[in-house]
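Scrolling down, you'll hit the structures one after another.
Both complexes shown next keep chain A, but they swap its partner, so chain B is in the first and chain C is in the second.
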Partner chain A sequence: MIRYLVRRIVHLAALLAAVSALSFSLVSLSPIDPVDAYIGADVMKVGPEQRAKIAARWGLDKPPLERFTTWAANLVRGDFGISAIYNEPVLTVIGKRFAMSLWLMALAWVFSGLFGFVLGVVAGAFEGGLFDRAVRFYAYLLAGTPTFWLGLLLLLIFSVALRLTPVCCAFPPGVTPEEATVWQRLWHLALPAATLSIVGVSAVILHTRQKMIQALRSDYALFARAQGEDTMGVVRHHALRNVVLPAVTLQFATLGELFGGSILAEQVFSYPGLGQATVEAGLRGDVPLLLGIVLVSAVFVFTGNTVADLLYRVIDPRIGWKGAA
Partner chain B sequence: MLTVTDLSIRFERYDRGLTRTVLTPVHHLDLDIGPGEIVAVIGASGSGKSLLAHAVLGILPDNCRVDGEIRFKGDPLTPARQKALRGREMVLVPQSVGFLNPLKNVGAQVRRAAILGGAAGRDAPGITDAAFARYGLAPAVQALFPFQVSGGMARRVLTATATVGRADLIVADEPTTGLDQEAAQQSMAFLRSLADEGRSVMVISHDLSAVVPVADRVAVFLSGTTVEGAPAGSFNGQPEALRHPYSRDMWRALPGHGFDPGPDRAAGPTWSEGEADGCPYVRRCARADAACADTFPPKRHFGRDFVRCRHA
Partner chain C sequence: MDRQGRTWMRKAAWALCAAFVLAAVAAGADALAKDKPAELVLAVGGENVEGYDPLVGWGQYGHPLFQSTLLKRDANLNIVNDLAESAVLSPDGLVWTVTIRKDAKFSDGAPLSAEDVAFTFKKAAEAAGKTDVTALKEAVVTGPYSVELRLKEPQITFIGHLVTLGIVPKHAYGEGYGRNPIGSGPYKLASWTEGQQMVIEANPLYYGKKPDFTRVVFLFTGEDTSFAAAQAGKVHVVSVPSSLAKQQVPGMVLHPVKSVDNRGLMFPMVPDTGEKTPTGFPIGNNVTSDPAIRKAVNYAMDRKALVEGVLEGFGSPAYGVVDNLPWEETTARFTDNDPAKAKEILAAAGWKPGSDGILEKNGVKAEFTIVYNAKDSLRQNLALAVSGMLRKVGISAVPKGTSWDEIKKNLTHSNVVVYGFGDHNPLEMYKLYHSRGDLNIYNAGLYKNPVVDANLDKAMAAPSFEASIPFWKAAQWDGTTGFAVPGDAAWAWLVNLDHTYFIDENLDVGVSQMEPHGHGWPITANIAEWTWKK
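After this line comes the complex of A and B, so read on.
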């Protein structure tokens, strides 16, 4: 157990080092000039000396390798730097934005997990039936649906045509985050969360369904039938336990996809979460913020995978702590 | 207790496009088991013996057709009756722990078998404890998962699942496979004592030497059919006590009887898919003639014994 944790921590450190180096290289190669992006519309009013001053203040006059080592050294001390576009420490920006995104992702994660699992179990238990065919059609259709397109569609139907849900943002206009009630927040979350859930559900459905079919064709299901168990009994007493494991693992392992999906959904709904901040940071050349988000999301996805790995050991007695990689 | 008459099992399979292939892994099968009797169905591995067990319990896959008659306690076993009786009056003892749920401890699985066998929920733990004690399993074994029990222990657990109800027919599929001699003998002894309580036991096996000393009767299974029904004692005497050439060749192949591998193996497999017409042993039989290749041998009775051979 302790050896396992130590090994995971070493893995995480190696992962973060690789991710930082790679994203820093990519950002350095980006055609966006941070100074231009910062100045924006005032580009005509700013002379070359002023530009040089801004560049010098941000350290952009130094070679990339030196910038990277300076940034990395600060990072090790816990200093993620200052976000250029928000003029706040990177960790503060990420903290605020992450709290917003967490609501969205948690709702989408729970709903897609629950619905996907239930639909997958029932479809698999009645393989080939009408319900199974309907669910499969739905899952394949959604597997090929782009998140942003579905978001726009929902927006058109529920916000524009039916006027049931707000068109954008996390709170009603003119209300500060501190004043917003839980209901107001949930009301604004409804469509983005629905978009993410509807798209995220298909992977869980298809995996769960397949595992269910396998479980019902297994030798232990045959023996259970010989003992007088009917299909519902086999599902309840035998298959479910064997199916829940891959579903839970999948749900944790797809945190990365959920994160990616939330970027698109937040753009469509102008939801001020981490995803939107990522797009802003990228478009406006805010290197410290972008790298900070990349690192935090790497930790987030890594944690998801580790939890999945740990759950395997809890649910499946055949997997012990020895030889854990 | 159980009478199987002219049973056949057909699978329909669609190959590329609409070419339909019909497989008949079991045909012209006859078998009868009286109360308190162990009848061993002996035949080569992979010859479809397990299908017989599944047909009796009614747990064959949906794409197969069963013809012929199976009677249990005098009445025909219809699918509805099979559904009502399996787990209660007739039970399966499977081959290996592979048939237990890998994620549930064995105690819980035996308790579930007890409830399905007709016990009330609150009685199940007591019945399970008694069954574990009967087979010399420590109470702690109940908490183990299937992957944690040894081969011999697994046999006891699987046998225990069959005894928690009040089943009168026990179908044991390969009860000695993968066990050392001592464990195999014990596994058979468990079945013997169940038969001695008045239950009927069908043992499906390829392991003649382990099964014959304990069984009452033997049904010789070849290529999906029973070619001979004889008392188990016939395998202890001279080969002439057996009527079918295949049974005699099997007798000669036993370690104590000369260890003769039998007719030339180069003759090919004893069975192939399209060969339902002639005698299944025609290609290896020393006494085969033209008629054997063309017509399926009729069944001839000698009291309870029977044989399917034109020359016997």
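After this line comes the complex of A and C, so read on.
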């Protein structure tokens, strides 16, 4: 158990080092000039002298390798640097927004996991039936739907035409964050979380369904039937545990996708989460912020995978600690 | 997803929704509140993500709201006093002597003195942000309410800083000021949820006329979401792209605002002699370096058709870079949509039709590429329409979309480029047409005319802004030469956009200023004058 944890931590450190080096090289190769991106429409008002000053403030006058080593050295001391576009410490920028995104991702994740699993199990149990075909159609259709488009559609139907749900934001416009209640916040999460869940279920459905069909065709299912179990019984007592495993893996592995999907959903619903900041950081070449977000999301996804790994052992005691990676 | 695809899907989504909305409206969904609302909700953009600090660029467009400025522009773009009681430039154009009003206070109660003005200009000159005050030599306090701003060299456009630079308090300026701005403007910041909204409240200590709306909420929603919020009756003012301006929004009226936000074609002015940029890309163009070609392009184009076809009628033809501004030389205007005149000019210059109908001269075909930012569907549509119009006079203009970075770094010195400009300050005109400067975006076509340079320099060195205006005009066209179409025709300006807003039918936003490049926030320039009609 301890050896396992140590090994995971070493893995994490190596992963972070690799990810930051890779991201930094990619950003350095990007054709985006951060100073141009920052100045934007003011290009005629900012002369060469002022441009040089801006570049110097961000350290862009130094060669890339020196910038990276300075950044890494500061990082080791816990200093993530200053975001160029938000003009405040990277950790403050991420902290404000990550808390918001976490709510959204958690809701979407739980819903898509639960619904996906239930639909997949039922569809698999009644393979080829009307319900199965309907669920499969839904899953294929949704797998090809752009998140932002679905979000816009939901917004138009539920918020604009029916006026049921809020049009935007994490809480009602005009209310200050201190005044906003938990219920208001949850209510404002409804549509973005629904958008993410509706799109997110298809992978879980299809995998669970496939696994279910396999389980029902296995020898132990045949044996159980021979002993007089009906379909529901086989599903409940024999197949379910085997089907849970891939679903759990998948659900934790999709944390990365969830991260990506939340960026799009946040944009449509103007939800003030990390998504908008990530897009800005990328489009405007804010290297410290982008690297900060990359590191945080890497830790996030890594944690998800580790949790999945640990859950295996709880669900299936046959998997021991020995040889675990 | 590319812009084109998005546009299509967006249209599909809105179409799908139209039926729902109509049904809901017909069913008499909840009546919109007609009483004066407790708070005004605007979705016009304007989130300044690095904070509301004038020293690094806040307030360049519209009004800084939280701070006040020494001078301001009224609805007719005349420069009038605000915080300043007088602002006088010395005859040599080097020293601004400013006397400020004595009753101004910051929102924290501290009085605003000459110290704060000097501090603001000095700090802005040091700060590495979007406010370029590098022309300032020093700011000297000469009395409790008077200050001298001394410049390194005469620069009449420095007046732009007196108009846009919000004065910050010396005693309360520091790290984090942008997120907690204290100023002497009509409003103060109450709460800012980054990425979502900003709530502002009237500043009770403001020296000017108190605004009618004591609480205003700015929603920082994207274009589509803002429009959805308007459809749902949640906002009082929303800025919309012209493609959505033809839609109906219950309880709201369309409010188009004229602008100097223009789009035009930049011509490379020098022939291609094989010279390259330091990064190895070509300079010059053998077709557009011929003035006959540039003039023919200008005369052949039907700008009204561009306004109707590409801008859906929300715009006006552009004849120059400063249309309708006080320093426009109106005699340089011309009649376009005149293919006959274009052909005449080309024939007189020796261009003859080739076998494929495209003109030729000394073996050179009248052919060039119009490059545009591929992400911008408006520029794309302009390039395509222009290409069609030029074909009729025997010029082959090939539209090509690519990335903005590629254009700026590699293509801009040898190709015709669709650019957009437009500002309340003639500094822009100076940078576009003055020959000084290296290879850069300012004068990308390498235009050079000593007479124009001299006029621009005289304008810069003028003893007052009024005195500079005749020189700005002469640079365009002085009767014999200039950069405008009767002269060198260095650009072919195409259209000025109208900025389109939907506003609540009960809201009176007064007379909106003609807006610069930048859509949305500028409408707030006169927000202190807005009233509710009932």
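Criterion: the second predicted complex is superposed on the first by the 324 of 325 C-alpha atoms of A that agree within 3 Å, B and C clash if a C-alpha of one lies under 4 Å from a C-alpha of the other, contacts with A are read in each partner's own complex, and residues count from 1 in each chain.
The working rule: a residue touches a chain if its C-beta (ideal position, glycine included) is under 8 Å from a C-beta of that chain, and two chains touch if they have at least 3 such contacts.
The model shown is predicted, which means the values in this text are computed figures rather than measured ones.
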| item | value |
| --- | --- |
| Simultaneous placement of chain C and chain B on chain A, clash or fit | fit |
| Contacts of A:Glu66 with chain B and chain C, given as first, second, both or neither | neither |
| Superposed arrangement, angle subtended at the Cα centre of chain A by chain B and chain C, nearest 10 degrees | 150 |
| First (chain B), second (chain C), both or neither touched by A:Ile315 | first |
| Touching partner for A:His237 - first (chain B), second (chain C), both, neither | first |
| Partner chain in contact with A:Gln227 - chain B first, chain C second, else both or neither | first |
| Comparison of chain B and chain C by chain A residues contacted | C |
| Minimum C-alpha separation between chain B and chain C after superposing on chain A, in Å | 40 |
| Of all residues in chain A, those that touch chain C in their complex | 31-33, 36, 38-39, 41-50, 53-54, 56-57, 85-88, 96-97, 146, 148-149, 152-153, 155-157, 159-163, 167-170, 173-174, 176-177, 267-273, 276-277, 280 |
| Chain A to chain B touching residues, read off their complex | 219-220, 222-230, 233, 237-238, 241-242, 245, 315-318 |
| Complex contact set, residues of chain C against chain A | 1, 9-10, 13-14, 16-17, 20-21, 23-24, 29-30, 39, 41, 49-51, 53, 56-57, 60, 128-130, 132, 134, 160, 176, 178-179, 190-191, 193-197, 199, 215, 217, 219-222, 224-225, 228-229, 231-232, 234, 403, 405-406, 408-409, 421, 423, 425, 427-428, 431-432, 440-442, 517-518 |
| Touching residues on chain B, where the partner in the complex is chain A | 54, 57, 59, 83, 86-88, 91-92, 94, 98-104, 112-113, 116-117, 145, 147-148, 161 |
